[in-house]
Each structure stands twice: as C-alpha cells, then as structure tokens.
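There are structures below to look over.
Two complexes are shown next, each including chain A; its partner changes from chain B in the first to chain C in the second.
Our next item is the complex of A and B:
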C-alpha cells in the first residue's frame, strides 16, 4: 500500500483552499466557455445563410446550390426507423430488468451486453451495418440499413434510461394495482409505464439526438444519395453526412456553415426537450 | 399463461443487447479474418507499411497514431474533466449546478462532425500560424485537443456519480478532524471515489480511440509514425473511414481487420472500466471503513 505523497506545505491550508477553488472554477468555466464558443461560432456564421428556402429546397449541384430538404427528410426517415425499432426492444429489456428479475447472473450478462454495446465506436457499427444489412441481408445502401444500424446503436441508451425511469416509480403504485386485482402485466402497462413515461421519453429523445448527429454509422449504411427517398430501400443522405461531405470536399463553405447551424439548433432543441422532461419527472417522485 | 409468454418475450428483449454484440463480433471477424490468416497476423500487428495496392497491410503507424491522440486527449481531458466534476459535485451551489450540469451534458450531444469542423476552422489555422508551433496545422496536436474536449462529458458524468456515491460520513469525519473543505476533497473524497473516476477515464479513453469523423477532419491522415505532435497522423478509425468508400476485395477485408484490432482494444478498455466500477461497489459493500478510502492500494 502506498499513501498519497504529502507535498511540503507552501501555503496555509485555508489559503491553499482559496487558490485551489479559484483554479477549479476557472477550469470549469473554461469548459463551459468552449461549449458556448462552439455554438456561437457556428450560429454566427451559419444562421445568415439559413432561410425558409434553405430548409425547403432540394440540394442542387452536390449541394453547392439550393437547400438541404432531401437531407432533412432522409434524417427523419433514418432516425424514425432507428427509434421505432429500438424503443420496443429497449423498453422490453428495461421492463424485464426492473420488474421481472432480481440481480443475478442473468442481469449481469444483460448489463454487460448493454454496457459493452454502448462503448462500441460508431465506425464499427457502420462497418457491421455495411457487412450485415447492406451486403449479407441485401438491403443495399438504404434508409432501412441505416435505420437498423442506428437502432442497434441507440438501444443501450434506451435500455438504461427506461430502466432508471421504471425503477423511480414508487413500489406502492404496483402494490395498489395488484391489490385491486390487476395482473402483473396489467399493473406494469396501466400503472407503472404511464408513471414512468416522461423518463422513458427522455431516453427516446436522447436516442433521436444521437441518430441525428451520427455520421460514421450511417454513411456506410444509408449511402450519400441526395435524391428524395421514396421507399425504405432507397439510399439517402442525412444532414450530418451532407455536412461532412460539404466540408471535406470543399463544396461550399456558406452551405456548410448553414447546415452546421441547422444541426446545432436541432441538437439544442432535442437536449432542452430531454432535460425539461427529465426535470419534471424527477421532481414528481422526490 | 399469457404472463409466461410476456415474460419470455421480455427476456428475449433483454438478451438483445448481448445478441447484437455477438452479431457484430461475428460479422467483423468473418469479413476481416480471412486476410489476417492469408497474410499472417504479424503483417498487421508489426508491419509499418500500409500500401493496399501492393498488398502491404502494416497497421503499426495507425496503432501508434491512435495511441498518440488518445494519450494527448487524456492529458487535456482528465484534468479539465476532474476539475469540472469536483466543482459540480462538491463546490457549486445548487442553482449554479442546475445550469452547469445540463450545459456540460450538451457537449456530448454536439455532433462529432461539428467538432471536426470547428477544429478545421479554428484550431488547425491557429496551430499553423502560431510561430511556436507551425507545420500544416492538421496534426496529432489538433486531434488531441479536439478529442480532449469530446471526452469531457464521459469523464465528468462518471466522476460526478463516483464522487456523489462517497458517503457523507467520510466528509463529516474529515471536517471534524479539522481538515479544510479542500483537504477533505483531495485527502478523502477523491481517494474514496478513485475507482469510479478511473472507470470514467478509461471509458473516455475508449471514446477517444473510437472517435472517427472529428479526427479525420483535423489529424492530416498521412500514414507515418510521426516524430513530433505537429506532424499529421492517421488513426485506426480514420484508416477505415477514409478507404472504405472505394476499397474492395482484399483491401476491404484489411479494413475489417483494422476494425478487429480496434474492436479488441475497445472491448479491453470496456472490461477494464467494468472491473474498476465493480471494485468500487464491492469495496463499499465489504467495509464501511473511512480509512480504507484514504490509502491508495
């Protein structure tokens, strides 16, 4: 065993405390400052190029002219597929963990799976989606491939937040429902889930946020088509992928800034929504 | 009867995550292993030349590249992250905390392409034009700084949880012995929260190793073992993402082999973080002894 090394005392402990606190606060404010600067930088240079027509016009000439309409639609479709697929599975897993089992070997395996999946980098999801959905299942570069890949990626988030939400519902809710003659499942569906709904919704919104901002996992599964998608098997380009292409291929700096501004505002709104919901939810059970 | 069916269905959903993990493992290995066997694992792990057109698939420059930017990210991210965690968990008044915490969580929501873009537009030119730094600007240094910021939410979130899990009695005991608030934080609270903080740092490392888009946009991406942090580097993730769009045949398999190396590194880091977290829980269960927290094992 090693004890922490004692530094020679240069300052009176009370003075040391003042200095240390000042340094730590400065570091924290610097971190927050970086965040605000990023948002400010993107919005200041981008918002001027964002108008109604930018949002509603199709991109032309690789996006150097026109708007980003088809990429907004593409983002909505891919995110939609991801959330629609991941939510029932994630919620089911959460119900099982919170309501149907005690901590044991099985829950350890389930948690190991969810934690490990949460740590897998998005580029690996992208490669996997390409090998599995695009090639092996022959879905091609499509909304379906991208959406399913995203579903796998956001599953751990939905499991974790839903489980926490279910566990936050007081035990008495279940007892009352059961004592009135409800079956276990009825108690869960009619009483526990409605009470936990805001918490569950927060997880879904966070999943939406991750899907919207994701690039590496969708570029190899949904492709880069700028055409308007008409079916789940059409290729599409999401806003993030479009932004990446505009920047890396130096297509148009104003359009890149504008797309970044739209992305950042979307993410801001999503985060505010998630935070407000979560706040209301935790206050309810405190 | 109905309840039994429901329970089985829910169990299936619960096992989905581990099932997906298995599926990912199978498909990455299935695509990548053939070329590893035909070339020999040594070619990948010790070769320093990456020339897919000539059948050279040495990954050493990329492994070194990933290691450098990850290490750099930790140098920036760990002190900043710890400082934020301590301020938020121990020092900030509740009202300041209510604003600061969601703000910092927002850092995690910003798309990695936006981080990369900011790096390209601000950081890279700044490094290029700074007389003390120089070079092209697209460099290991730029990637380290961007990654250092990107891993902050991971480090902060998990460290806050770890610090808040330290029982109140530890702090009270320390203060009662005459320690200042700051002495209590450094001498009692942080040592007691150590394994949780370590878990956060390891998970942050995992994020840095796995980040792709932001790194591609600022790191320069040339295949070389850099002799300075101002030189461009290519990471394992960048190697995959840059060449995937046009690779085919053995070249494509080699990119999956790159993913295998990356996947193994990530799983190792995940397991380490898991171990650190469990150690914390076990320790707290076994002994409520405040002295146990002060010593570094």
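Our next item is the complex of A and C:
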C-alpha cells in the first residue's frame, strides 16, 4: 500500500470553497473574454473596409481589389447543397432512432458511427471528398463536391439534435394522435415533428454555421475559383477559403480582415438564431 | 333511448376470459362480462387493479403501446377485436372507440385544430363540414358557449377542466359509438366534472360509455352498471344500484364503504 503524504491543510474548507468558486469564475470569464476579444480584434480591423460595395462587387485581381460577392454566392450554394442533402438523411436517421427502434445494439452502432463521424478532423473530410466526389465520381472541384462533403460533416449534428428534439416530445402526444385514428407515421408527421420542429431547426442551423465557417473540407472539394458559379459543377470559393487564401498568399490584409468580419458577423447571427430557437424549445417542454 | 338495464338490452362489448399480462406478469385475471349498448358502464376499484389495462385493451392501445399480451376474446358488436392487426384497421377501430385519458391531453394547437385533428385524418376536408363538427362536438361537451369566440386559442392555454372537456369534444368529433374514459375527472373541478357527467348522460342514447373511475360516488351518480376490479380480478359486475346496496361479494361492500383502497 502506498500512502500519499497528507498535504498540510492550508485552508479551512469553507474558505477553500470560496477560492474554488473564484477560480472557476475566473476561468469562465477568461473563456468569454477570449471570445469577445477575438470578435473585437476581427471587427476592429475588418469592419472599416466592409461596405455595400464590398458585399456586392466581384473580387478582382485575386481579391486584392473589389468585393467578395462571388464568394458570398459560393458560400450560399455550397452550404445550401450540404444542408439540403444532410437534412433529409439526418432527419430520417433521427426518426428511425427515436421512433422506430428500441435501444439496442443497432442504435448503439448507429450512434457510435455518428459520434465518430463528428470527431473526424475536417481536413480528413476534405481528403475523402477530394478522392471520392472530385476524382472518383468526377464531379471535379465543384459546388456539388463541396456541398456533399459538408453534408457528411454536418450529418452527425443534425442526427443528434433532431433525435434529442424528437425524444423531448411528450409520449402522450403520440398516444393522443393514435387514439384519434392516426397511424404511427401520421402521428410522427402531424404531431411529433411539428412539436420537435424548433429543435430540429436548431440542428440544421448549427449545421449551416459549421458549413459556412468550414475551410479545409471545402478548399479540397470546391476549389478556389473566384468566378461567379453558374452550375453545381462549377468550382467556387467560399468566404472562409477566400479569407484563408488572402492571408496565406499575402494578397491583401484589409480585404482579408474585411472578409473575416463578414464571416464572424454571419456566424454570430446564425448562433444567436440557433440559441434563441433552442431556448424557446426547451422552455416549451421542461 | 334505452339506458335501462332491461333483460333484452343489446350487448355492445362482450369480454370473455380476458386476461392481460405485461411480460408474463398478470395485470388482469380472466374476466368475463358484458357492456350493454347505450349505457354508462363504470369500472371501479383501487389503484393497480387492472382497470386501465382493461380499458386500454378495448381499443388495443395496451397491445400496441404498453407491451401487453391479451388472451381471451373481446367482441364489439359481435366482431372479435383482439385479432385486429395493421395500421389501417387499428385506426378504424379507434375512430369507433374513442378514449379520454386521466390527465387532460390537448395537443399544442388551437381548440379548433384539436377537434378537427381526428376528422381531418379520417378524410374530412371541407371547411364547412369541419366547422359543423367542431361546433357540434363542443356543444355536446358543454363547452361551445365558453369558447365559441376564441376557437383559435391554444388548447393548452385552457383551464384543466376545459382541457378535459375539449378532449371529450375531440373524441366525440370522431363520431364514435363507444367512448372510454379513464378517471376523466380525477383532477377536475366540480363544475367541469358535472358537465362531463351531464354530457355522458345526454349522449348515451347513441354512445356506449365505459367509465373507469376512482370515485365511487361518481359511479353511483351516473353509471347504469358497475364492475368492481380488485388486484387484477373482476370481483363482480351488475346493475349499479345492486352493486352499491346488495353486492354479492363482501369485498365489494368493503371497498364501497371505504374500508380499503
């Protein structure tokens, strides 16, 4: 048996409690502080260069002149494809998990798979997307390749949040629907899903946020073209990738920070929306 | 209108040797009794006697949702229901046999939409038809005058008593010929309780009511016939007056006089 030397008691337990609380508070404050500092840092350097022109003009000379219009459009398209593909699949999986199976080996496997997918670094998704969509399926660097890659990336988030939202709907709603002559599927579609909608929407919005801010997975799959995309098979550059390129290739610091400012504000708005919905949802059922 | 207990009253529900188990554990020992057409048939007994299990077996909810295994035979209008399987047939059965739960369960939507839910699923689309159904059902549940000007109010924002009457109205909108009620007034104020009892008495000409109640006085007030369940056993069944004054079994009298339960 090894006995640890007892540390001399420095503090009365009651004082230790106070100290612990203070330390924890300081840590929380530091976290929030860092967040605010990042936002402040980016906005201070970038916001001054953001104007209507910046948002609506095409980038010229590699982005050192002009705006970021085509990258905004590119971001919308790539994110759009990702969400449009991931939502039905994710929702379907969530409905299956929450409504059609008992807890068992299968659900554990599916859930483990989804969790693992969530833990894969995004650059691996990028490589996978490049190998599979760009090369093997010959979609090339394109909105389609990028969007599909993002769909895989945000799938776990959408499955998890949707499943939780469905499970939070009181069992009695299902019973009532069945007792009124609804089939199980009608009960899900007409009663359970509407009740879970805010929670499901939260998951989708979080997915949008993740897609908008993603760089590594998209740069390998959608490429870096600054031209205005006209089809799903055109290459495009998202705002995140644009920021990355402007910085890494030292093209223009003001334009880089301006792009970052737009990105940060977009992400903030998306998170506020997700947070508000989530709040409304939890208040409704708890 | 034949709410009597005459010898020739038609049998609406014939339960024969109905045994209900949950994972092998018996919740109701084989029970045999008839529920007559156009009557209010109450089921009384202490908690855990198998009343809810029996009631939820009449529309197969115990089978589908609670994992119950049911043996024996339950015939409704001479048709066996225990062999019914499949979503479509179950849905049809539940439109015929409505249920009101112990705690009011309005869906999170308007009063109007709560009531229109069942008819819509059954295929009623026309606004005029739905309007008429909503009004008729609310009138039957003695609620129309209270809410006719605010049908778009959330059902969940009503008082408990109103919610339960909304649930009754919602069930009535299915045009059922049997309505099951599981301790519908256990959490209600006396006025709402009275209104629900009144509705049952007014409607029993066309609808057979099976009323599980934890309130023996309520059974005495409204039921034509009463069955007494005790610890998973049907102790006896008969005209309410007889059950309450001259029961065959000692235990029935003991329960009614509040000596246990």
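Here is the rule we use: the second predicted complex is superposed on the first by the 280 of 286 C-alpha atoms of A that agree within 3 Å, B and C clash if a C-alpha of one lies under 4 Å from a C-alpha of the other, contacts with A are read in each partner's own complex, and residues count from 1 in each chain.
Just so we're on the same page, a contact is a pair of C-beta atoms (placed from the backbone, for glycine too) under 8 Å apart; a residue touches a chain by one contact, two chains touch by 3 or more.
Quick caveat: nothing in here was measured; it's all calculated off a predicted structure.
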Give one of first, second, both or neither to describe whether A:183 is in contact with chain B, with chain C, with both, or with none. both
Could you say whether A:191 touches chain B, chain C, both of them, or neither, answering first, second, both or neither? second
Where does A:122 make contact in the superposed view: on chain B (first), on chain C (second), on both, or on neither? first
Figure out whether A:168 sits in contact with chain B (first) or chain C (second), or with both, or with neither. neither
Scan A:43 for contacts with chain B and chain C and give back first, second, both or neither. neither
Quick one: classify A:265 as touching chain B (first), chain C (second), both or neither. neither
If touched residues of chain A are counted for chain B and for chain C, the larger one: B
Contacts for A:232 in the overlay, against chain B (first) and chain C (second): which applies, first, second, both or neither? neither
Considering each complex separately, which residues of chain A are in contact with chain B in the first and with chain C in the second? 183-185
The residues of chain A that touch chain C in their complex are 172-173, 175-186, 190-191, 195, 284
Listed in rising order, chain B residues that touch chain A in their complex are 2-3, 6-7, 9-21, 23-24, 27-28, 30-31, 79-80, 83-84, 86-88, 91-92, 100, 102-107, 109-118, 120-122, 149, 152, 179-183, 187, 191, 203, 206-207, 209-213, 216-217, 237, 240-241, 244-245, 255-256, 259, 262-263, 266-267, 269-270, 273-274, 294-297
Applying the document's contact rule, which stretches of chain C touch chain A when the two form their complex? 59, 61, 64-65, 87-88, 90-92, 94-95, 98-99, 101, 103, 105, 107-108, 117-118, 121-122, 170-171, 174
Of chain A, residues touching chain B in the complex: 1-4, 13-14, 16-17, 20-21, 23-25, 27-28, 30-32, 34-35, 38, 41-42, 88-93, 95-97, 100, 106, 109-110, 112-117, 119-128, 130-132, 136, 152, 155-156, 159, 183-185, 209, 212-216, 219-220, 240, 243-244, 247-248, 256, 260, 263-264, 267-268, 270-271, 275
